[in-house]
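Look for chain A in each of the two complexes below; its partner is chain B in the first and chain C in the second.
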Partner chain A sequence: MISLHPQKEFVFPIIAEGINPDVFQDKNRGEIEELEIWEGNKQKKLGELFKVKETGTEPQQEDIAIVIYGDLSRVRRIGAWMKGGEITINGNVGMHLGEEMEGGKITVHGSVGGWAGSMMKGGIIEIHGNASHYLGAAYRGSSQGMNGGRIIVHGNVGYEAGAYMRKGLMKIYGSVGQFAGFRMHNGTIYIQKDCEGRVGACMKNGKIVVAGFLESVLPTFTIESIRKKVKIGEDDVAEGPFYRFLGDLTENGNGKLYVLKEENPHLSTYERLL
Partner chain B sequence: MELLIRNGFVYDPINSINGEKMDIAIRDGKFVQKVNEFSARKIDASGMIVMPGGVDIHCHIAGSEVNTGRLLRPEDHFKDFERKTLKTRSGVGRSIPSTFTTGYRYARMGYTTIMNPSMAPLEAKHTHEELNDTPMVDKATYPLLGDWWFVLEYLKDGAIEECARYVAWMMTTTKGYAIKIVNPGGLEAWGSGRNVSCIDDQVPYFGITPREILRGLCKVNKLLNLPHTIHVHTNNLGKPGNYLTALDTMKCVEDLSSEGKPAIHITHCQFCAFKGSNWRSLTSGAEEIAKYVNNHSHVTLDMGQVIFTDTTTMTADGPFQYTLYELTGNKWVNHDVETETSSGIVPFRYRRKSYVNAIQWSIGLELALLIEDPWKIFMTTDHPNGGPFVYYPKIIAWLMSRKAREATVQKINQRARSRSLLPSIDRELSFYEIAIMTRAGQAKALGLVNKGHLSVGADADVAIYNINPETTDPSTKYRTIRKTFRNAAYTIKNGKIAAKNGEILEHVKGATMWLDVQVSDPIKVTEGMKRRFREYWTVEYENYPVTENYLEISHPIAVKADV
Partner chain C sequence: MPVVKAVPCPVCGSLCDDIELTIENGKIVKVKNGCAMCESKFLSHNSEHRILKPLIKRNGKLIEASFEEAAKKAAEILADANYPILYGWSSTNCEATRVGLELAEEIGGVIDNTAVICHGPSILSVQQVGIPSCTLGQIRHRADLVIYWGSNPWSSHPRHIERYTTFSEGRFQRSTWKRYLLKVKASIVRKKIESALRRVFFKKKPSTPRIGGLPPSMLREGRKLVVVDVRKTKSAEIADYFIQVEPCKDYELLQALRALIRDEEIDVDKVAGVPVENLEEVADLMIKCNFGILFFGVGLTMSEGKMRNIDAALSLVRDLNTRTKFAIMPMRGHFNVTGANTVFTWQTGYPYAVDFSLGYPRYNPGETSIMDILLNKESDATLVVASDPAANFPQKAVEHLVKNPLIVIDPHMNVTAQMADVIFPSAFVGIEESGTAYRMDHVPLPLKKVVNPPRDVLSDEEILRKILSEVRKLKEKKLVEVA
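Coming up: the complex of A and B.
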C-alpha cells in the first residue's frame, strides 16, 4: 500500500493523472516520487507536492492500493484512465476524478468536484460525501457519456448527473440538481431523495428512478402505468408503488422514468390518464 | 542562404524525372543551377526520395465554417493537443486543428502549398485572418460564386461578359484564387428550404438552371484566363444515384474545353459517385466515372477519400448537411450566408462495419485506381469531410499496395466487401505516380507556375522522405510507406529547412496567393451597387473588400483577362 500526504496547502490547480494504480505498478518509492505532475503551469515532481510512504506489503502486488490523506480539492484527474487497483481518498477531491476509468475502485471519504467518473467505462466510484455537477457525464460537446461501471454517492449531487449516459449504474442516496439523466441513452440512475426537476430531459432510453419528491415531470413524458417495484441494477429492487412515465417524446425516446407515488401526491392527477 | 540536397532519388513529374539520382541546389528561396559546394549547407539525401513540396488542392482549413466547426466540437480538441515549444505555438484539434497546428502538421508531412476551397465572399476577411495565421505553407482560397445573386442575375440575362467583369471584381475584392461552385442553384434554393434535384431543375425566383450556371461560369473562367478551372462540388452530392449528376455536370461543359485543356474540376468525387436507388442498394459508380474521365481530357478530379474515423463534415452545401443531420441525429449547424451561399456542419463517424461508409471508402480508391492518368485525379480527403488530412500517408499506402487494401477490405462490412471492386483491381501506383497525385498534378491543375516541380527558378519547396525506392518494395512494405510519409525527413519551404523528421525547426510564414484579374473595363462601384449592399447585405460596401494590407504576406498573381 502506498500513502500520499500533501506537503502543503495547494493554491494552484494540480493535474495529477500520475496518481493512478496502473502508473504506480512496479515502481518503488523513489520512482513514484519522480513522476511528473503539473502544478498550475509548472511541471513538478510528485515527491515535491506529496510525501510518499510505503506501508504494508511489497509494491509488486497484483492490485496496488493508494491511500491519500488531506484536502485535495484542487487536485484534478486522480485515477483518470485507471484500469485496476484501488484508490482511497480521505478528504475532499477536485474535478475529473476517475475520468474515463476502465476498472478498479475509487473510494472518497469526502466530497468531490465536477465531472467525477465522466465517460467512465468500468470500475466503481464510491463517494461518501457530496458530488458536484456532471457526475458521470460526457465531456463538453461529446455524446459519449458514462459507458459502464458503477457510481455510488451517499450525499447530494449537482446538475446534469449522468448526462449522455450509455450504460452502467448510478446510485445516489441524496438529492440531485436539475437535468439528471439529460440526453441519456441507456443505463440506470437511482435517486433516493429529492430531484430538482427536468429529470430525464431528452432521454432516449434507460431508466431513472426517483424515490423522493419531484415537483413536476416534463410535459414531454407520458404516464404508462403504476408499478409495484423497480429493479435497480442486477441485484437490487426499489419498493414502490411508482408512477412509470415514458419519454422524452421530443426525441422519440423510450426512456423510463419512475417516480415514487407515496412522496408525490401532487402527481396523482396523472392517474386519470391511465 | 544556399542549400544543396545531394544524391537523392528525385521524382519531379513535371520535368519527367523519375527517380534519378541527382543534386538539387537552392539559393534565396529558389531552385538554381548550382551553388558553391563548399559554402552551401548540405543535406545528404542518399537513399531518400526527393519530391517537390506537396500541394493540396482542396482542404477546409480556414474561414467561418471551419471556425464554427471548432466551436461546435470541443470534444474534438479534448484528446489532441500540442504543447508549445521554443519554435512552435500550442494548438488543439483532431479533425479541425487550430490554424498553427494545421500548418505544422502539413509541414511535417512534406506539404508546402494548400488551397482552402470554400470561402463565402462575405466571410473573406475572417478567412484571410486565419490564413495569415496558418504558417509553414503557401495558401490560397476560392470564393463561392455559384450562387451569388450578381452571377445569377447576369447569367439569367445571358450577359457573360458583364458577369465576368463582376467575377473579376469579386476575385480581387475577396483576394480569391478560383471560382468555386457548390451545388449550383441548390444553395439559393436552400434559402427557401428547397434544393434542386438535377442540373436542369429551375432555381426558384431566378429561373435559371444549374447547367446554365455551370456553363456560364465556365465561360467566365475562360474569358478571365484564370489559372485554375471552375472548381465544382456537384448537385445531389451524397445521394444514391448521383453519379449520373456528376456525369451530366462533366458533360455539360465538354464543348467549352479548348486545346484539350481541362475546363472543370470535380472535387471530392467520391461523394458524387454513388450508384443505386437508395442507401440499401448503394453501389459504386466509380467505374462509369472513370470510363468517362479516361475518354475525355477536359476533367480533373480529386478523390475525397473516406477514412474510418471520427470527423467533422462541413460544406457550403446546406441542403446536403441537413440530410446528413437527419441521417445521424447528431448536432448540426446551418447557416444561410445572405445573398451568396449557405453552409452546414455535422460531426460524423465513418464506420468500417457500416455498409454505406465501407462502400464510400471503396469508391474513393476505385476512382484513383481506375482512372489511368494520374494527372487527372488527385489525392485528397476533402479535409475534414472524408477524414483529417493527417491520414494522407494511409491513403498513399492503399494506393501503392494491393496488400494494404486487402488488409482493410478484410475488416469492412461484409456486404460491402462482396460488392466492392477493389479486390479485382491489381494496379499499384509507383512513387512517380504518387508524386503526380500529391503535388505535380495538383500544381498543374491549379496553374501554379512556380510550385510542384524542381525546375530552376521555381519556389524552393521540397519534401524529402526517408525511403529507398531501390530497396523497398511498397507493395509489401506498406507499413513503412505509411510511416515514411507521416513525417518527412526534411521539409524545405522557401529554401529554409522547416521540418526535420517530424520536428518543426523553423516557424516559416507562408504567402497568400490571390488573383489580380486585370480587365480592360473594370466595373465601377456605383451608388446603385452600394445601395444593394445596404438593402441585401448586413455589411456596408465599405466594409466588404479585403484590402491588400490585410494579408500578412501578399502574393498577387496578375492575370490578363479577355474582357
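Coming up: the complex of A and C.
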C-alpha cells in the first residue's frame, strides 16, 4: 500500500493524473516520487508536493492500493483513466476525480469537486461527503456521459448529476440540484432525498427515482401510472407507491421518472389523468 | 469642419456603422445618427477621468512612471506568476486580443473574456446543440416574426429594433414604426377617456384583463414583434404581444413550446404562469411565419437554468426549422465580445476561459473561468484589458483580485484601475485606434481612427506587444542563468 501526505497547503490547482494505481504499478517509492505533476503553470515532481510512504504489502502486488490523507480540494484528476486498484482519500478532493475510469474503486471520506466520475466506464466511486456539479456527467461539448460502473454518494449532489448518462447506476442518499439526468440515454439514478427540479430534462431513456420532495415535474412529462415499487439496479428495490411519468416529449423520449407519492401530495392533481 | 461618415460605434454588439462625426481642432464636437450611449462615448472620451501617463503603485500610492519602466514591472509580475489570469478583451480590437493570447501562452496563464459573465452559457449550449443563425441584414429584409426573449433592446441596444428588426424598412418586410405610433396615440386617448370617466363617476380604474387569445395586432399581416420577459419593459410596451414569464421559469416555457410545436399534449393548464391555450397560439404563430428570429439576452443566459435555457431555445429553433424557417441570435453586449470569442477560437480552439498553464490550451468553464478561479482563490496575478471587473464582480472575487498584483490597461481611471499596481493608459479603440470588431451576427467591421490619442498614449496592441517582448527577455535571461 502507498500512502501520500501533502507536504504543504496547496494554493494553485494541482493536476495529478499521475496519482493512479496503474501508474504506480511496478514502481518503487523513489520512482513514484519522480512522477510528474503540475502545480499551476510549473511542473513539479510528486515527491516535492507529497510525502510518499510504503506501508504493508509490497507495491508490486497486482492491485495497488493508494491512501491519501489531507485536504486535496485543489488536486484534480486523481484516478483519471484508472483501470484497476484502489484509491482511498481521507479528506476533501478536487475536480475530475476518477474521470473516464474503467475499473477499480475510489473511496472518499470527504467531499469532492465537480465532474467526479465524469464519463466513467466502469468501477466504483463511493463518496461519504457531498459531491459538486456534473457528477458522472460528460465533458464540455461531449454527449457521452457515464457509460458504466457505479457512483454512490452519501451526501448531497450539485447540478446536472448524470447528465448525458448512457449506462450504470448512480445512488444518491442526499438531495440533488437541478437537471439531474439531463439528456440521459440510459442507466439508473436513485435520489433518496429532495430534488430541486427539472429532473430528467430531455431524457431519452433510462430511469430516475426520486424518493424525496420534487417541487414540480417538467410540463413535457406525462403521467403513465402509479407503481407500488421500483427496482434499483440489479439487487435493490425501492418501496412506493410511485407516480410514474414518461418523457421527455420534446425528444420523443421514453425515460421513466418515478416520484414517491407519499412525499409529493401536490402531484396528486395528475391522478385525474389516469 | 470635417465630417467623418460611416463610423462604426464602439459601444454595444449592434455595432451601428452609420454614425457621422463632426471633428473640430482634433476633437469630436457633434455626433449624428447615434443613440444616447454612442453620443456619450464619442463626446466624452476625453473626460477628466482619462489616464495620460503610466502609473506604478509605490508605498500604497500610484506614481507616474515611464512606459518602459511600467512594461518591465508588468512583465516581472506576469513572468513570475504561477497561475496568472488575463481578462477583458471585449472592448478592444481583435488585433490586441491576438497579442493577448500570445502573451497568455508565453506566461502559462488563463485568458478569459467578458463572455464568461454574459453569453458564456450560450456558447456552451451552441457547442452542444449547434446554432441556426443568419446575419442582421437578412433579418432586416425578411423576418416577419421577431421575438426578444430575456432582452430589452430598447435600453441595452437602443438602435437594434430601428436598424435590424421591426422598425427597419426591409426589402420584403415593411417597418411597423407607423403602427407603433398609432398604437401610442390610441393608448394616450384611451387613458384620457378612462381618466375622464373615473373623474365623472368617481370610480376606480376599470380593470380589463384579457383572458386567453392573441391581441388583434397579432392577426394583422406584416411584421410582428413578441417580447418574453419577467417584467413589462419598454421593449415589451412596443411589442405586439408580450408574454410575462414567471421568474426563473423560462426553461419550462421553452420546453412547453417545443412540445406544442411537435403537436404533443401537455398535462398541465399553465406553464410558467402562461395559460397553455396562449402558448398553443404562439406555437401556431411561430410555425406559420415565413422567417422567424429569436433574439435572447442575459435574462435567459443568467437566470436559473443558464446554459440549459439556451439549450432549450436552440432546440426550439432547431425543431421549428422542420416546419418553417427560423433563426436564433444572442444579443451580445460589448461591441467586440463576438470578436474576442472569434479570435480566441481561431487561435486556441476555444472561445473563452482558456487555460495555458499546462503549456497547451485547455477549456472547462467552471474550472478555468475567471470567476471560479477568483472565488477559489487560485490566481496570483491579473492583467485586465479594457474592462472593469472590480465594478461588477462579486465582492469575494474582487477581494482576491486586488489581493494579488494587478495590471490594468484602460483609457479611464475606472474602479479596477484605482486598485491596480501597474496602470497603462491606452487609446480608445474605434475612436483613437482602428482595428477589427465583430458584430453580434459575426460580421467583421473595420473600426475607424477619427482623432489622435493624447500624446504618448499607445494602443492596447502596442502596450501588449511591449509587455510580451519584456516577458520574453526575462525568460531568456532566466534560461541563460540556469545554463
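By our rule, the second predicted complex is superposed on the first by the 274 of 274 C-alpha atoms of A that agree within 3 Å, B and C clash if a C-alpha of one lies under 4 Å from a C-alpha of the other, contacts with A are read in each partner's own complex, and residues count from 1 in each chain.
Criterion: a residue touches a chain if its C-beta (ideal position, glycine included) is under 8 Å from a C-beta of that chain, and two chains touch if they have at least 3 such contacts.
Computed from a predicted model, the values in this text were never measured in an experiment.
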Scan A:Y69 for contacts with chain B and chain C and give back first, second, both or neither.
neither
Regarding the shared-chain residue A:Y173, is it in contact with chain B (first), chain C (second), both, or neither?
neither
Partner chain(s) touched by A:T250 [first = chain B, second = chain C, both, neither]
second
Is chain A touched at more residues by chain B or by chain C?
C
First (chain B), second (chain C), both or neither touched by A:W81
neither
So, A:G141: does it touch chain B (first), chain C (second), both, or neither?
both
Of all the chain A residues, which ones make contact with chain B and with chain C?
139-141, 143
Residues on chain C engaged by chain A in the complex (per definition of touch):
81-83, 107-109, 124, 127-128, 251-252, 255-256, 258-259, 262, 264-268, 271, 304-305, 308, 311, 315, 319, 356-359, 363-367, 376-378, 380
Looking at the complex, which residues from chain A come into contact with chain B?
138-144
Can you list the chain A residues touching chain C in their complex?
11-13, 15, 38-42, 74, 76, 95, 114-115, 133-134, 139-141, 143, 178-179, 182, 198, 201-202, 218-223, 248-250, 270, 273
Using the touch rule from the top, collect the residues of chain B that touch chain A in their complex.
72-76, 78, 330-331
